[in-house]
Amino acid sequence: MNDKNSQKIVDVIKNFARKHSLFVLAYGTGCGAIEIPATMTSRYDAERFGIRGAATPRQADVLLITGYLSTKTLKRVIRTYEQMQDPKYVIGFGSCTINGGMYWDSYNTIKLLDMYLPVDIYINGCMPRPEAVIEGFIGLQKLIAAGKAEGAKKYKENLDWYRANQKKVIKNWVMPDYNW
Amino acid sequence: MNIQDFINFLVYGTAIFLIIGGLYAVLTKKYLTKIVIGLSIMDAGINLLLIAIGYTYKGTAPIFSPAVEGKTVTMVDPVPQALVLTAIVIGFGVTAVALSLVIRLYRHHNTLCIDNIKNLKW
Amino acid sequence: MMGDIWMTLLGVLVTTLLAFVTGMFYMGASRKITARVQNRVGPPIYQNFLDLIKLQAKDTAIHHGWMQLLGPAFLMVSAVGSLMFIPVLNKGLFFENFTADGDIIFLLYLMVFGSLGMALGAGQTGNPNSAIGVTRGLTQMVGFEIPWVMAIVALILQYHTTNIAEILEAQHRSGVWSMFANPYAFIAALLAAFGMFRYSPFDIVGAPAELASGPVSENGGKFLGTMMSSHAVFAFVKLVLYVDLFMGGADNLVELVIKTFGLYLIPLTYGMVNPRYRTEQAVRYFYGWPTLFGIIAILYAVFY
Amino acid sequence: MNSLVIMLLIYFAGAILVYAANKFSAVLRDVIVVLAGLLPVALFFSIPAFEAFQFRIAGFDLFWDLGSLAYIFEALVVVVGAASLVYAISYMKGKKNLGYFYMNFFLSLGSMTGILMSQDLISFFIFWEIMTWSSYFIVVFNGYKTNKIGLTYIFFSALGAYAMLTAIVMINTQTGSTMWNDFFIAFAGMSSHYQLLISILFIFGFGVKAAMMPLHIWAADAYSHSPMAYTATFSGVLSKMGVYGLALVMIKLALVSNHFVFSQVIAWLGAVTAALATIYALIQKDIRKLLAYSSVAQLGYIITGIAVGTAMSFMAGIYLAVLHGLFKAALFMVAGAVEKQAGTTDMHKLRALIRKMPLTFITAMVAIIALAGIPPLGGFVGKWMLYESLIGSNHYFLVIVIFFSSTAAFLYAYRFLYGIFLGQEEEEFAHVKEAPLMMLIPMLFFTVLLIVTGTFPGIILGPVANAMNHGMGFRGVQWEMSVLTNVYGDSIHLSVISTIVVVVFIVFALFLILKGRKGTRYVTTKDIANSGEPVRPEDNYHFALDFYKPFERAMAPLYRFKMSEIYGNISDGLVSFFQFTRRLYSGNGQTYVYYVLLFIVILLVFSNQLINR
Amino acid sequence: MVISPIHYVAIPLLVAFLIPLVAKIGKNWARILPGLTLAYLNFVSVYLMTKVQETGIISESVGGWDAPVGINLVFSPLSGLLVSLITGIGFLVWLYSYQFKNVEKNESQKYFTLLLMLITGANGVILTGDIFNMFVFMEITAISAYALTAFYRHRNGAEAAFKYLLIGSLASTFMLLAIMLLYAQVGTLNMADIASKMDQVSSGMKVTIFILFLTGFGIEAEMFPLNGWAPDAYTEAPGPIGAVFASAVVKAGVYAMARVVFTLFGYGDSPVEILIIMGVITMAIAEFSAFRQEKLKRMLAYSSIGQMGLVIAAFGLGTKAGVFAALFIMVNHALIKSLLFLSGTYMVYHSKEKLIAELNGMAKELPVTAALFAFGALAIAGFPPFSGFWSKVYFLIAAADQKMVFLIIMVLLVTTVEVLYYFKVINRMYFHKPEMELEYRRPSTNALISMFVLTAVILWISFFPDTVMGYIDAAANDLVNRAGYINLVLNR
């Protein structure tokens, strides 16, 4: 067994574990936050997929952005995302994160989250029902198992582009550098 | 009451009266000169008492002169007299000092009331 | 001589592994049981292993200083160290490790060692939540240690030894488990155990929503993973200690699992139906009935 | 010449020389300080046996000899004294009146030596008082603010010393001798209440120095407000003179068997001291104050150990006393280093010095581990022996109180480390550097010493057992280098424990450090998970205010009890009484005349009583 | 010329009245002459003290009449000790006052005249063997003390002097009354003779006389409640005179009281409760009052009263040990309190109110004086190894021998208060920052020398107490041995 093979096996194990152990940092920005308790508790019980809440970004794997983001909130979201450790994933939750949703003509709301953060998977709907949320998670799991959930890598590679976008909307940019 | 007792009574009584009176003045009078007077009266009383102790009825002066030589005479005790002389001198000195102090106090305080002269207390 | 050392080493490894695996499964079981009580399906019983692997596989790109690096190591010393001095099964049935030195008072201190080291690690991170969590944890500890020590003193007085193995033997000689010989001590210790396991209602230390998981809020990846494994070992250590002290130990692994798991269920189920105490409420709780039971236990041991 | 006298002379001559040298040159002064500090160490450890020395002054026989128990304390005096002096050179640099400081320092060291070698009560008392005033002069060294503290200290010390003096003159009357030994022998022959009175007076005197409840009120302030270089000796060694005296009185007089209830009271006082001082230590915001209260608490354990009076508890008491001298000296030195380098000792201001002063932190951590009694360091050994002996001698509830305070001690132990060294970094302390070498050397010396004595407590237990067997009237006290055995015959091997702890620790520490090492790097503690809000440089989220608020709430009834308030009321009452006596001198001449007359009248009225003679 | 005890009285008295004459010749001579006189007296002390060690008691008849009839001066170990002390301190005070404030000006004649008279009086009180003579000398002492109190011609001086005079004349009245009654009973004035005839006196009369004596001498000895004059007089008299008061006037009073109690009445066989009670009360009230004082010299005055209370209580113990302790305390107190007064005077030299609060930071400006004061404070508070400690220990041992535990405890508690207020002053001198600019005056060289001599003597007693204790022991024997005194004086 050469290095490559063993690496491969290790990767498979790792990805399996990652897939079944998603610590979610739910960033309850908009109305979507109301769906999270339903998802986690008895009726839909997301824990059976190994999905559980994380208290801080240091421990989290998944950043769940539930709803619209104002420009003011965006800064905090970016900060939170940057404090998470690799491997990390972002789920855009609800139509607001895709195209602004009902805030499509708001002057201070982010219309497309992907411009600012590398979203791995979107869950559409306004609001998405818990079934849809679970569906989204399963989709993420599949991506992880396949090793395709590489948002973090993308973010790292295109940091300048993301930064430019972020700085365009965030006026007072006082943040530590992102360099891991 | 014979004369001896009467004299004794008179002298002792006067002495004690003087002492008590002096003390009364010292205790109750607020006026400094009166207090000094009280002290003097007390002194006088004590001196009188001292004399009285040395006094013997019908005693002569305690001088050994040819007149008394060879006889038995009652003499008054000479020692208290000597003492009294000294005591009077001392009393005089004390009174002098006291009065000079009274003058000094009056100059500074413009009063001689002892109640008002208590800068130094506690 | 060399053989002895290798045997010792083997014993250490096997015991640790046993403790680790059992503890992980117990923790998984606790999640499962909680889920079932809440009418959920719950994660699989091996879920914690997956979590652990994931955590160890996660990057830990940053640390806030070398005390944070060492913090989990302190915790491990406390867990693994205590394990070395506790007889897992009755005498002669399993590796004896260092049970000859298994002094109960020494263990009391060694078990605290970890939380204190961990607290140092938490302090180094600079997150105020960590420090707040630590103060709560330590305060709570002052609460539950008192009935716990009272129970232990009662046991020492009863069996005239401080060695755990000998307490175990004494129970066998008399044929009565000490939980029956001195039930008050057992109750005091059990009530103290509620605090020791830090399940609800005594879980204010790491209250996730309020304190962002308290002392561990800055720790992810390998730190969290190591802590998790040490918690697993530690849970096993506490359970075995209780079983040894109060339930006459175990003759084989099955009996051990039954006893420990049975014991484990008590604080777990107690937590399921209780909301969270504030810190001072928790302390007052421990200074109420548990301490009273402790005093009765000591008096019972002295006069009976 | 007699070696004891030489040691005494070195200290006292050092005092005078230092004062004189300070007038000429600072360098010369420092050289004398180091020499006069280290010379006794060399002398003490190079001389196998000390000869006795005897002379006569003012009609009293003075007899100097170093007893076997005193030997242990003397070792503490010379070692901690020398370390504190070396430390002081750097610590006190740039301060004024150093000649005065060092003079009193040497005087107190010399007087402690004197106390320990006094075999008679008179020289014991003389040295005791020299110790009191020399330490007083250092307590007030920091000027104006320490005034009241100094007065409290001197007041209680004077009370204690005079209680002792009363006992001494009573003994002199009873036995016609002022030798300790004669007193010990004659004690058995005294009447019971006389025995009790003398013991109470002695214990009152020693209890003041040993900061026993309710005489502890001076201790916390005095310890925390003298210069830290001296406090290392003050709290570490000087308080042990009280312990030494207590040990002599409690054990040599066999108070446990003669006056059981009384010795129980003392034991409980010790335990209550420990508990209350501990809970007060953990709400302090000043590290010096925290350490000071902690000292009081530790002395409480020691008093309990000695008062219980079994062989093991006594051993534990003395062992803790020695160890407390070492680690508390180290801790006060740490506090001093922090004070010197960071400019404050307020835990509300201090934060995150660990990266600036790593060696200081290591010293602090080792000393704190020793203090908290966590294995494998020495504090555990002492606590273990104390618990075992208390349980073994049926003091079950005493052990609970002691355990409570020792658990609560973790709280302040943690706060000490966290408050100074951990938490979020602050711009203000960015410039702080590690303590100077001259301060580090004694600190690290204590660190090593603590680790060694923790693993091999026999280094201390040996002399203690020797003293117990040969001077204190215990029989057949056993000890081993690294094995502890309790009354039930169970034993623990400390070297095994240390090995396991160290090995496991190293394994996991290596695992944590090495795993993913390339990707792991340090970020400042400003970079924390803070709900996405980046911590700006001017923000600081360090948690220090009301650190143990939950504990305070839980223990509210205990905090309501304040000894200082009781003493405050007493002293207020006394002062108003003094004010009244002062008003008797009303200033009016006539009033005085009234007094005179009143005096005469009263005497005349009571002249019957005078006639009867 | 044969050196005899009479020199103590005659020479200073003579010189006192010579001074105004000498001043006509040269101003400086008037200042040097008292010094020479006192130096000579010190020489006499040394000579006689060595002599008295061999012969026991030197009794000198004045005017050729022998003891019971004529007036005699008794130089016993006791009176020798005290007289040496008084003349020694008198000399130091002269040295100190040589360049002192008003003394330096034209007033020096009066000052030194009064000083010499005071010393004459105090010496006379102590040396004389005649009770009326004692009264006379007491009055000489008192009158010169009144005058010295009012020496500074400001209002407070006169006030203090007047109060002193008021109570002092009461004292003299009572003394005279007592002497008179005594004379009426036994018909003699010689103390030894009275003592031998004391049995003739009825016990009621004895007690009355005793009470009168107690009051009379108690006033001079600062016994409570007769000491109203003391704080004022100490405060307002010139600084060095405070030292003289503490060492001469008061000592004379205490000596007289002790003589009366021990020799005249022979009450010393068993504890004299009244002395013990009054001593303790005196001590307690004085030290308590001292604690609350705002003025330095007033505080020292109260402290002095407190010490005298201790001495009185020690005499009251009645045993030889008690007397020994009392004498030891007297010696120490005379020396140390003198040092305190001398050094304290310079620290409040320019101050109007002489407040303790004004001492803040004084040690910076007057390091030597402050150090001496601090040393004195330590010594008088009885901190070992300084001399105050030895005397205190002997007092306590004496009390313990009488099984007076309560006395011991009371005394020690009160001493604690004393410790406190002395340390308060030391604190202010050394550790407070001055609130305003300090006005101070450095001690002149002669003043420094006198303070250093005192310090050296105190240190000597501290470290070599045995050298002094021999003399004190002899003195104590002298006082306790009533029969011996009577026999030696009356040549039986």
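Assorted remarks:
As written, the chains take the letters A, B, C, D and E, and residue 1 is the first residue of each chain.
What we mean here is this: contacts are C-beta pairs under 8 Å (C-beta built on N, C-alpha and C of every residue); 3 or more make two chains touch, one makes a residue touch a chain.
What you see is a predicted model, and the numbers here were worked out from it, not measured in a lab.
The minimal number of chain-to-chain contact steps leading from chain A to chain E is 2.
In summary, the chains found to touch both chain A and chain D are C.
Top contact pair of chains, counted by C-beta pairs, is C-D. Among the other chains, the CA centroid farthest from that of chain E is the one of A. Relative to chain C, the chain whose mean Cα position lies farthest away is B.
For the pair chain B and chain C, the distance between C-alpha centroids works out to 100 Å.
Centre-to-centre spacing of chain B and chain E amounts to 29 Å, using the average Cα coordinate of each chain.
Chain geometry summary: the mean Cα position of chain B and that of chain D are 69 Å apart.
Centre-to-centre separation between chain A and chain C, using Cα means, comes to 36 Å.
Shared interface positions of chain D, defined as residues touching 2 or more other chains, are 519, 521, 523, 526-527, 529, 582, 585, 587, 589-590, 593. For chain B, the set of residues touching two or more other chains reads 26, 35, 117-120, 122. Shared contact sites, meaning residues of chain A that touch two or more other chains, fall at 56, 58, 180. All chain pairs that touch, listed by label, are A-C, A-D, B-D, B-E, C-D, D-E.
Listing the residues of chain B that touch chain D in their complex gives 23, 26-27, 30, 35, 114-115, 117-122. The touching residues of chain B, when paired with chain E in their complex, are 19, 26, 32, 35, 39, 42-43, 46, 49-50, 53, 77, 79-80, 83, 86-87, 90, 93-94, 97-98, 101-102, 104-105, 108-109, 117-120, 122. Those residues of chain C whose C-beta lies close enough to touch chain A in the complex are 31, 35, 38-44, 47, 49-51, 53-55, 57-62, 208-209, 211-213, 216-221, 224.
On chain A, the positions that touch chain C within their shared complex are 13-14, 16-18, 20-21, 41-42, 45, 47-50, 52-53, 55-56, 58-61, 85-87, 180.
Of all residues in chain C, those touching chain D in their complex are 56, 59-67, 69-70, 72-74, 76-77, 80-81, 84, 98, 100-101, 103, 105-106, 109-110, 112-113, 116, 119-120, 123-128, 131-132, 134-136, 138-139, 141-143, 145-146, 149-150, 153, 156-157, 160-163, 166, 212, 217-218, 221-223, 226, 278-280, 283-284, 287, 294-295, 298, 302.
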